[in-house]
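First chain A sits with chain B, and in the next complex the same chain sits with chain C.
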Partner chain A sequence: MEAKPMETQSINQIMKARRKLVIRRMLGNHALLFGMLILILFGVIAIFAPLIATHDPYAIDATARLQPPNAEHLFGTDKLGRDLFSRIVYGTQSSMIVGFSVALLSSFFGLIIGLYSAYYQTLDHVLMRIVDGLMAFPAILLAIAIMAAMGQNIFNVTIALSIVMTPVVARVIRSTALVIKEQTYIEALRALGAGSLRIIWKHVAPNTISQLIVQFTYVFAISIIIEASLSFLGVGIPAPEPSWGNIIYEGKEVIYQSWWMTVIPGAFIVLSVLALNLFGDGLRDLLDPHARK
Partner chain B sequence: MKAYIIRRVLSTIPVLLVVAVVVFFLIHLTPGDPAAVILGPDATVDEINQLREEMGLNDPIFVQFVNWFGKIIRGDLGWSVYMKMPVLDAFIDKLGPTLSLAIFAQILAIVIAIPAGIIAANFRGTKKDQAIMTFTLFGISIPNFLLALLLVLLFAVQLKWFPVAGYYPLSSGLLKHLEYLVLPALALGTIQAALIARVTRASMLDVLNANYIKTARAKGLRRTVVIWKHALKNAFIPILTVIGQSFGQLIAGAVVTETVFNIPGIGQLIINAIMRRDFEVIQGTVLLIALSYVLINLIVDLMYGLFDPRVRLNRRN
Partner chain C sequence: MKSDHLLQVTNLKITFKTEEGNLTAVNGVTFHVDHGEIVGLVGESGCGKSVTSESILGLLDKKRTRCEGEIRYKDRNLLELSEDRMREIRGNEISMIFQDPMSSLNPVFTIGDQIAEAIMIHQKVNRKEALNRAVEMLRLTGIPSPETRIREYPHQLSGGMRQRVMIALALSCRPSLLIADEPTTALDVTIQNQILELIKSLKEELNMGVLLITHDLGVVAETCSRVLVMYLGQIIEEADVESLFETPLHPYTQGLLKSVPQPDGDRGRRLHVIKGTVPSLDKIPQGCRFAPRCEYATDKCRQQDPELEAAGSSHRVRCWHYKEIMEGGTGRAAAYESN
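Moving on to the complex of A and B:
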């Protein structure tokens, strides 16, 4: 170890230079920065929801029904006179929790399934047929059916969406891992006698991470869309609990007079999904220059 | 070609089996006794036991699956407790509006997306490209129920160009049928268009870099001829794939969009079934949609084999 201070130093320099380059490229990528900023904003809203909300999101006020946005109620009120600003802030919390948990769970299981089916051929046949079977269901429909069977609450929404999204991640990780598996250095490792477990987790897995991160953002985005759709259909997050989707559902009946019940939570959905998509695209360009066609 | 067809058809069998297993177990996800859930909280123990016996819930799970699977193969998808009719009949009854909407939306999407994708690829990096790509980014970032509501707000409530909701079957006249379908199809089609446009652009960019395109240009053919005749033909396979694969999403999207416009289609069937806890309807409907997805993909794949010999010879995927 002591014999190579020179080399260590130069490696450190290279790493430092590389990190600088990555940061510079990040700053140059406006889409990525914009997406990241919006995401941070949504994260802050979700974490500090109780502090940001101006009213109790469940408090009914019969004297303040269907008010348009005003100084007291920034985003107006709904049919029951509940403050929409506070409801949307708490809805942000629900959407972020669901989206993030689904992205985490399906990345975790997708990574394991993808890696092992890339590595073991026989396992691959079995796992990929299951993945194909699950992917034959349109995501929203399978989620609706699972929710109908399991009952409606935020936990079940997360489980249902994770079941739907895991195969998607598994597919991507598998195809990435298949390419890596064929590289010479993996062959060399095997010749040196490295065990499968070591090869899979120490040498193949780290090389799929950039793909995994990108998939994470896309799954996050799709989960927000599907959760909102489920809640809009009345099979997602159940009624008094606020979510973007069920606020829009309640707004549907009064769409003639109360546009704000549709447009404002709608803007939150679009903005968050847009930010995630921009962030994901930006990351993909950053992490994988080859994908930048 | 024959070997390819046989291989491809055989490969759908395990997928169909998985689909069947998933749908079968959906009902077993229900916390507690499915019989008790179906009968509701007022049912007596005797009634529940009788239904359990009728549904075969007292048999071992494997026997239940085999019995259920046998019925499915014979076309018996179960019985709607609420509508008092076979699930298959209920499905066929409601299929018309959903198919009408999906087809109309798909046509709209293709008509918008393919030229848009070609223009974006052709003018890559310019303002035109950026405008189209921004549009597609919005398209994939908006849930279709939301786009549907926004279109209603603008074109039905504000401008009063189109009706707010409702549905008229084709039998009441093509014009009336389409008038009520314009907004739903626009909501569904725009999102579809965003997807197809992105794939068209990427696929065209790939092809435009190929040597035979350079040759065609070099021998003096006009740019438009090269793009529309040479490039598009070769860029078509990924585009077709996305159109084929998006069928499932299109139907699912139609299901959601229908509820915004009160269209009496599959969406209404499913949502009502959930409200009434009519499980076999949900099961059967989901099964049929997944089944048609697998079949459509099979047909699309077989068509590739027909058009592109490379696909036939390639063993894996």
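Moving on to the complex of A and C:
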């Protein structure tokens, strides 16, 4: 019965083989890979913004207004002479921070609300009516209303978007949890004497994580778009703080002369959202046991 | 009133509250289980056997079901206990194993973790000790190399293995009573046999009482010492296993036994069928519940619901005319063709 060394050896081998299999599947999924690389790129830009930016994004230079992309100003300048490359780089930082924070907050609260709604019926009725109410509003209008009430800064943008996106996550988690709750192993756990708290957090929650991760990427993407839209409408991140949205806002009036002011930030938005969607799709394929090629 | 039985169920009545009114799924069921015996609870789907077993552990939704009567386990009425007390009993003194081993285990945890958790819920041991006990339980249920197996996930095991893990889970705290709800229905025949043998030997080793719920009469013949036959929420016959198979008294039991296909008999003969279908709970017939489908039914049967009466030392039956049926002509008394 002391066959320990040999058996530990085989356990380690099994686990190593398992890890290799997961990595191989991840690399084989091109959408996932592409999305992940772009996201890493954006993450690097956001984190190292001060090092990557060539100029101070707030520095006004009246002599260098509305320049097209050149050697000195890689993406040109805006009507105040500010370097667009640096502004867009710092805008990446804003968008990534807002997107990530909103995704994190709404996942956190959405998970709690979804789990408890699925488990307790009376709570479900109350919470889901509130959720339905919030979801009846178009996201941008709701965000604008909240921002109008709270004031305009990056912090409030994050809070407003979190309020808008939490119901979406809550609904998805709730429906996933409802299905899990009916599984035999949950009843078996009750038959073994497990209490509700243990069942909800130790057993139901882990089975919802794959859905949660996919929702996280989805919320991240939507937040980038909504934040950019809000800033474009002038009710998001306030000038002079750079954001992809408000650069496009400022570029609106000079769109015929300086089209790059609109197109380049727009391309960044498209690329980041595309990357997130691909990453989310790839993750879903990886995590969903039914979607195997 | 002190009772000697491990489990004594008296006049259990379970009612479901639905939009269409109250439906009584179990109506006045009385039986007992003792240490060291396997009692079979047989019946068709929908007769109330699963609901009965779930009510013993208090697993029914308290808002939508009402349980009346008494379920005495070691002199405590389980129906009167608080949820906290019940949780101490579940998995610890009374355990249950379920039908489908595929979905009875959490897919995201290793089986070692799950058994260890079951142990740690009830006993104050640390994780290492719990895992050691888990290995012991797996060994007890006949799983080879349990030390490696504890790191595996449910999807890596076959159906028979999963059912053994389920049994290990249920018995990890050495319960006195095991409720097995169709434990072998989802398994193929050779595995069925192994699992039943396992349950029998574990019953011996732990001196447990076992309530085995099944619709398979073969399983009953193999394992049980006593049998209860249920129909539409009532026990219609109760006997020790030999008496039930040799002299079934209730027409329903007789019909069930006659319906079993005989592999070595006249293959050209039509299978016996109990005519009609089980009525739904909102259309329970007046009088004897089996009367609409019974070939011996009389007016008395259709008007008055018979009581469960003794018909021998350990044989009870719910039928007005069982004596006449038994003594009747060869055409009717040959209720069970032995081979």
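The rule is simple: the second predicted complex is superposed on the first by the 271 of 293 C-alpha atoms of A that agree within 3 Å, B and C clash if a C-alpha of one lies under 4 Å from a C-alpha of the other, contacts with A are read in each partner's own complex, and residues count from 1 in each chain.
In this text, a contact is a pair of C-beta atoms (placed from the backbone, for glycine too) under 8 Å apart; a residue touches a chain by one contact, two chains touch by 3 or more.
From a predicted model like this one, the values you see are computed outputs, not experimental measurements.
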Chain A residues touched by each partner, larger count belonging to chain B or chain C: B
Chain B versus chain C as contact partner of A:T184, first or second or both or neither: second
Partner chain(s) touched by A:A149 [first = chain B, second = chain C, both, neither]: first
Partner chain(s) touched by A:I248 [first = chain B, second = chain C, both, neither]: first
First, second, both or neither for A:L192, with chain B first and chain C second: second
Which superposed partner A:V270 touches (first chain B, second chain C, both, neither): first
Partner chain(s) touched by A:I47 [first = chain B, second = chain C, both, neither]: neither
Of all residues in chain A, those that touch chain C in their complex: 3-4, 7, 10-11, 14, 121, 183-185, 187-195, 198, 202-203, 206-207
List of chain C residues in touch with chain A within their complex: 57, 59, 63, 87-92, 95-100, 103-109, 117-118, 121-122, 145, 147-148, 151, 166, 169-170
Residue ranges of chain B in contact with chain A within the complex: 14-19, 21-23, 26-27, 29-31, 137-138, 140-146, 149-150, 152-153, 157, 202, 205-206, 248-249, 251-253, 255-256, 259-260, 270-271, 273-275, 279, 282-283, 286, 289-290, 293-294
Chain A residues touching chain B - in the complex, by the definition given at the top: 129-130, 132-134, 136-142, 144-146, 148-151, 221, 225, 228-229, 232-235, 248, 252, 255-256, 259, 262-263, 266, 269-270, 273-274, 277-278, 293
